[in-house]
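Down below is the structure, laid out as structure tokens.
In order of appearance the chains are A, B, C, D, E and F, and numbering begins at 1 in each one.
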Amino acid sequence: MSEDIAAQYRIEAEPYYRAVGSEVELFRAAHARRMPVMLKGPTGCGKTRFVEHMAYTLGRPLITVACNEDMTASDLVGRYLLDREGTKWHDGPLTVAARIGAICYLDEVVEARQDTVVVIHPLTDHRRVLPLDKKGELLHAHDDFQLVISYNPGYQSLMKDLKQSTKQRFGALSFDYPDAGVEAEIIARETGCDLKVAEKLVQIAHRARNLRGHGLDEGISTRLLVYAGQMIAEGIDPAHACQMTLVTPLTDDPDMRETLEAAVATFFTS
Amino acid sequence: MSEDIAAQYRIEAEPYYRAVGSEVELFRAAHARRMPVMLKGPTGCGKTRFVEHMAYTLGRPLITVACNEDMTASDLVGRYLLDREGTKWHDGPLTVAARIGAICYLDEVVEARQDTVVVIHPLTDHRRVLPLDKKGELLHAHDDFQLVISYNPGYQSLMKDLKQSTKQRFGALSFDYPDAGVEAEIIARETGCDLKVAEKLVQIAHRARNLRGHGLDEGISTRLLVYAGQMIAEGIDPAHACQMTLVTPLTDDPDMRETLEAAVATFFTS
Amino acid sequence: MSEDIAAQYRIEAEPYYRAVGSEVELFRAAHARRMPVMLKGPTGCGKTRFVEHMAYTLGRPLITVACNEDMTASDLVGRYLLDREGTKWHDGPLTVAARIGAICYLDEVVEARQDTVVVIHPLTDHRRVLPLDKKGELLHAHDDFQLVISYNPGYQSLMKDLKQSTKQRFGALSFDYPDAGVEAEIIARETGCDLKVAEKLVQIAHRARNLRGHGLDEGISTRLLVYAGQMIAEGIDPAHACQMTLVTPLTDDPDMRETLEAAVATFFTS
Amino acid sequence: MSEDIAAQYRIEAEPYYRAVGSEVELFRAAHARRMPVMLKGPTGCGKTRFVEHMAYTLGRPLITVACNEDMTASDLVGRYLLDREGTKWHDGPLTVAARIGAICYLDEVVEARQDTVVVIHPLTDHRRVLPLDKKGELLHAHDDFQLVISYNPGYQSLMKDLKQSTKQRFGALSFDYPDAGVEAEIIARETGCDLKVAEKLVQIAHRARNLRGHGLDEGISTRLLVYAGQMIAEGIDPAHACQMTLVTPLTDDPDMRETLEAAVATFFTS
Amino acid sequence: MSEDIAAQYRIEAEPYYRAVGSEVELFRAAHARRMPVMLKGPTGCGKTRFVEHMAYTLGRPLITVACNEDMTASDLVGRYLLDREGTKWHDGPLTVAARIGAICYLDEVVEARQDTVVVIHPLTDHRRVLPLDKKGELLHAHDDFQLVISYNPGYQSLMKDLKQSTKQRFGALSFDYPDAGVEAEIIARETGCDLKVAEKLVQIAHRARNLRGHGLDEGISTRLLVYAGQMIAEGIDPAHACQMTLVTPLTDDPDMRETLEAAVATFFTS
Amino acid sequence: MSEDIAAQYRIEAEPYYRAVGSEVELFRAAHARRMPVMLKGPTGCGKTRFVEHMAYTLGRPLITVACNEDMTASDLVGRYLLDREGTKWHDGPLTVAARIGAICYLDEVVEARQDTVVVIHPLTDHRRVLPLDKKGELLHAHDDFQLVISYNPGYQSLMKDLKQSTKQRFGALSFDYPDAGVEAEIIARETGCDLKVAEKLVQIAHRARNLRGHGLDEGISTRLLVYAGQMIAEGIDPAHACQMTLVTPLTDDPDMRETLEAAVATFFTS
């Protein structure tokens, strides 16, 4: 039966991923030792897709959990639910992953309450167990189970950061936006827009990314460039498309907005 | 059965909407790619009506959720409820929309807890899935599903703002109050008051809108102008009607109130 | 059946209300258009009684909700309750009012959490709907439904104020204490005390009301004057009666207390 | 049946109460008009006993509720409880009092969350109703119902104070410690100690009460003097008895403690 | 049946307690009047054992409750629990004690939320009742019931202190560590270590206790000295034993640690 | 049956532990007296493994609880759960340990709410009882029961520290990273990497540990060194392996990152 469950979480088609450095090789070695891995990097640079790619090529089921501040330990581990015959235990996603030997991916883990995160500790040292205290079961993780978390250092603050005792349980891979050529290639491939147009979009993004920390919290992500390319491929005027996808979503500050509009106008005039 | 549910959310009569710029064309292109869209703009300028108009012309069911700080992820996604035979899963509005291929409109999303908002992330990237963790189901969104959110930048503060990792998942359209001529036409049409009267009301509004940031948090919205027009059409003295709908609701500051009353007195004397 | 429910909320006897300005006429016109109305004014000046009066003369049932900070959206809208056959939906007071076409009066709405207030938004624009998200029903309000809220600007602060996006959904009427002659007449009529005595009580109140913002948060309300009149009508010495009803409840500040006692002593000696 | 319930709350024996001023007469007049009454005064000066005395002499049942910060509106009003046949409504103490015509005494009401207090508003104006929103019942109070609250101004602060809109619903009676002769008489009567000893205890108390606001938050209450008298009547050395009942409970500040010990030593040497 | 319950709470063997002053005599007199008693003193000086001793010698059952911030009034008073036949009331420990006439000992009461503490008020004045609001029962305490609380003034702060209206309901006894000779005797008796060794341990403690308020929050308690004696009696080198029981638990400050280590080294060299 | 439960918590294979000082001897003596023990030390230095080692060699079952801020007293002690026949009590892990005579290890206890920690107090003095207030049972601990807690002084702050009244219930053992030779030996043994490589890794760690308090919250733990050794043993280039396991997880500060990279480059060049 656990095979049935595992099937549900298998990635069926190979997700497109273009490697930037040695991240594939490093992840593969970490997986061989079932080492917990932390993926660091800015919004929309491809962390989620990387995990999907690795799960696919390693042939492992993947269980993804979008973390949030309201998430309790029970949301990860499981809880008793009432049914016709009284209460019945239902495994949470982390427990399912530990049982079936999946890769469990906790996305944006820094959003979760630090102390909820503590429940992953016994899974990330030599014990590899998950105590289901409420059920009175000590679950030994499946041999193939691996834990992966993501983390955006840009949000890191005194208020919200992982504790050292959590961080030191993970090997870590840094991600960033791809090089200009690679990024343009990705955009053209994913949207059907012209490569020339894609290259201009990437140049606009580079200007915005230089503003990170100088008025912008984050630069323009690859995802937004893909949105711009999609609008253009739908026949929308490029300047309008950029306004909608690269300028308006990013900021409400009039000065920054003007700076971004000027960057767009350098490449596309409406 | 999902067709039955969809029917319930279809807009039956065409909502009156007067386009201001290229917003209809841009939304239509974004919808073609099922791109998530964010509508930005001040209170009462017509964002909600625009979504209704687009849902009608695109022939899609529309599910609207008024966001608020108490809204939990379960309110959006669904929960188990107890009935005669134990607990039974009930889809939340976001889940219903993803199943039946509706446009899901999260109104005033900035009110929701930022971290609750995280549940929409997997629906707004290439995955287009909604993990129903508590049910153990990974819902793949219907091909026609699209997510739309609204957002009033005037409320934006350090305390309450969308995270970049959320913002960068949306194309964005800016809305503002319509031009004077258009706005007067709207008011006359919706209230049955005289066009001349409507034009005066719009001029009062323009004075108030110039006070935004100089003692008023927001200017007089189109909605309040419609209220004024309705009172006048009911036979109420215009100066009294303006006092009730354009002055008293807006501010308790004696100076601002006097300024607004002076603006009214310029056009209507009682 | 909804007629049975409506009957329960009808005002049976005409509540005594003495109009001060054109508020009756304005409310009647607003009601004709089912415009949401906000009543502003200090403690105990007659806002609640005004709504009762209008509901009676308009022949509408009235559902009053005393708002408080603990009130959740579910308290207004409804919730599932467990009974013999599982969970069963119970409409909240706002939902009942929208179904039967009552006037729904949210008293001291500024006490409610701002974001709970958001649930009234779809009822206060052209949609006139109330989404019962948890029940999966989109309730279209009865043609006669009208929403009225009260609001004391004296409490207004940065912490607790209605949002502009809420305020701009209401026409607003300002209330204040009645003129001296009218107020004395009200007191005499309601308590059975002598009109001369009532006039003295009003004069004491006027002195206290001048202290508003100069050591007193609020002046002496009409309600407290009625209490004073009642005690005197019961045969209590006027100076003692005033001490108990006009001085002691109002303040614990020794200086303010002395000032108020001096004001009493000017009119009544014990 | 409501008579059975009422019987349970009747005071059987006349509680000893020694009037200080005209408070009995004033309360009796207020009760005749069912005016809500607020009792103000320091800790342990006899407010609770006064209400018991009045309930006894007026022949009314008395329901006392010790307010606290965790008290929800449901704790006062009632809630649904689950039993064999589903949920069943249970009246809270305020509701019971309103049904059977009891005096409802909310002790230390300033402890309750201000906004929970809002539920008493409709019971304290001309409406005299209690909306049981969750039950869908609008309870009209029994003709004999009266609301009494107590309030210690010494705790009053910006954080915790009753709102004006609550205060102005009550007539108010101030309480303080009784005069020296009366207080000594009370102590001797209640403890069986010698009147001479009681007079000395009162003199110690007077010295401590002068320190209120000069290092002590509150003076020595009548209750503590009774404790001292009881210990002495049990044969304990007076100096030891005073140390245990008048010094150690009051303060942990070494200087204040020494001052109090000196006051004791003036009257009793060990 | 209440005798069966009482039996469960009786102290079977006489707890060892060595009186320091007149505390036994004073408690006995207070108990004769059922006066509520507060025990004040530092950590580990024997307050809990004193109550056990008194309960044993007075022949009363003892119910001890370790207070904590999460403790609700229901934890003390009782609540409805669901069983086969619906909800059934279960008395909390305070209610049990009031029914069977036990001494109820609320340990570290200052930890409990001040306002939860309010529930004990009606049990600590002439009424001696406990209103079980949720059950609708007014419980009259058993004649033998007495309330005892403990309180560590060292924790006292503006944030966490008992209210005067609570403090003034108790007679109070101060506790401190025993005299050197007595304390050494206690340690030798309880651990089986040599009296000479015990005397050295007490001398180390005295040095640490002088540091209270000068870098240490609390001195070394009698309990820690007993631990040291136990380790030594087990054959552990005294310097090592003191490091483990008198130094390492107390502080993480390197300077204080060095000072304590020097104190140990004066008496024991390793 | 309690033997069956105990069996589940027995350590089956001897955990590898290399003693650093006299900690094994001291723990053994403390266990002989069932003295509660606190283990202090930085992240990843082997506290958890030490307890497992001691439980194994003493032949005791071990119940480990990862503490977190959301943990309630009920999570430790137990609660009623609903099943077919109503509510049924389920022991929490602390209660199970006290019943079967296990060592109960509360890991990272400083994370738990201080006041939740209060529930362990009656288990850690002469009483050795655990009051199950909600069940109405006073559990006397099994003779073999011992409580062990861990605590990282590096996290100690004004906000989160154990109370003195808790600290003084424990003997305490300090842990730190092992000496260079021992640590290299551990790494080589656990990862299969070359001892020479392991020695270099330890030298990198020593440099990082000197930065503790000078830009790094914690140094590189033994656990991270093991990760580095594992990657190298998998054939990954040492410089890359160190970047992934010793640099990226530790810090996001560019300067600290550069300093750590320089330390790596001294020993491994890529």
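Here, a residue touches a chain if its C-beta (ideal position, glycine included) is under 8 Å from a C-beta of that chain, and two chains touch if they have at least 3 such contacts.
The chain lineup, named per UniProt: A, B, C, D, E, F = Nitric oxide reductase NorQ protein.
From a predicted model like this one, the values you see are computed outputs, not experimental measurements.
The angle of the rotation carrying chain C onto chain F, fitted on C-alpha atoms and rounded to the nearest 5, is 180°. Measuring from the averaged C-alpha position of chain A to that of chain B gives a distance of 30 Å. Our note on geometry: chain A versus chain D, Cα centroid distance of 59 Å, whole angstroms.
The set of chain B residues that touch two or more partner chains comprises 82, 85. Viewed as a contact network, the protein chains form a single closed ring in which every chain touches exactly two others.
Beginning the circuit at chain D and passing next to chain E, one meets the chains as D, E, F, A, B, C, using touch as defined. Residues 22, 25-26, 29-30, 32-33, 35, 38, 40, 72-73, 80, 82, 85-87, 113-116, 118-119, 121-122, 125-127, 131, 133-134, 136, 138, 153, 156, 163-165, 167-174 of chain A are the ones that touch chain F when the two sit in their complex. If you check the complex, the residues on chain E that touch chain F are 8-9, 15, 43-44, 48-49, 64-70, 75, 81-85, 90-93, 96, 107-108, 111, 152, 154-155, 217-218, 220-221, 223-224, 227, 230-231, 234-236, 240, 244-245, 248-250, 252.
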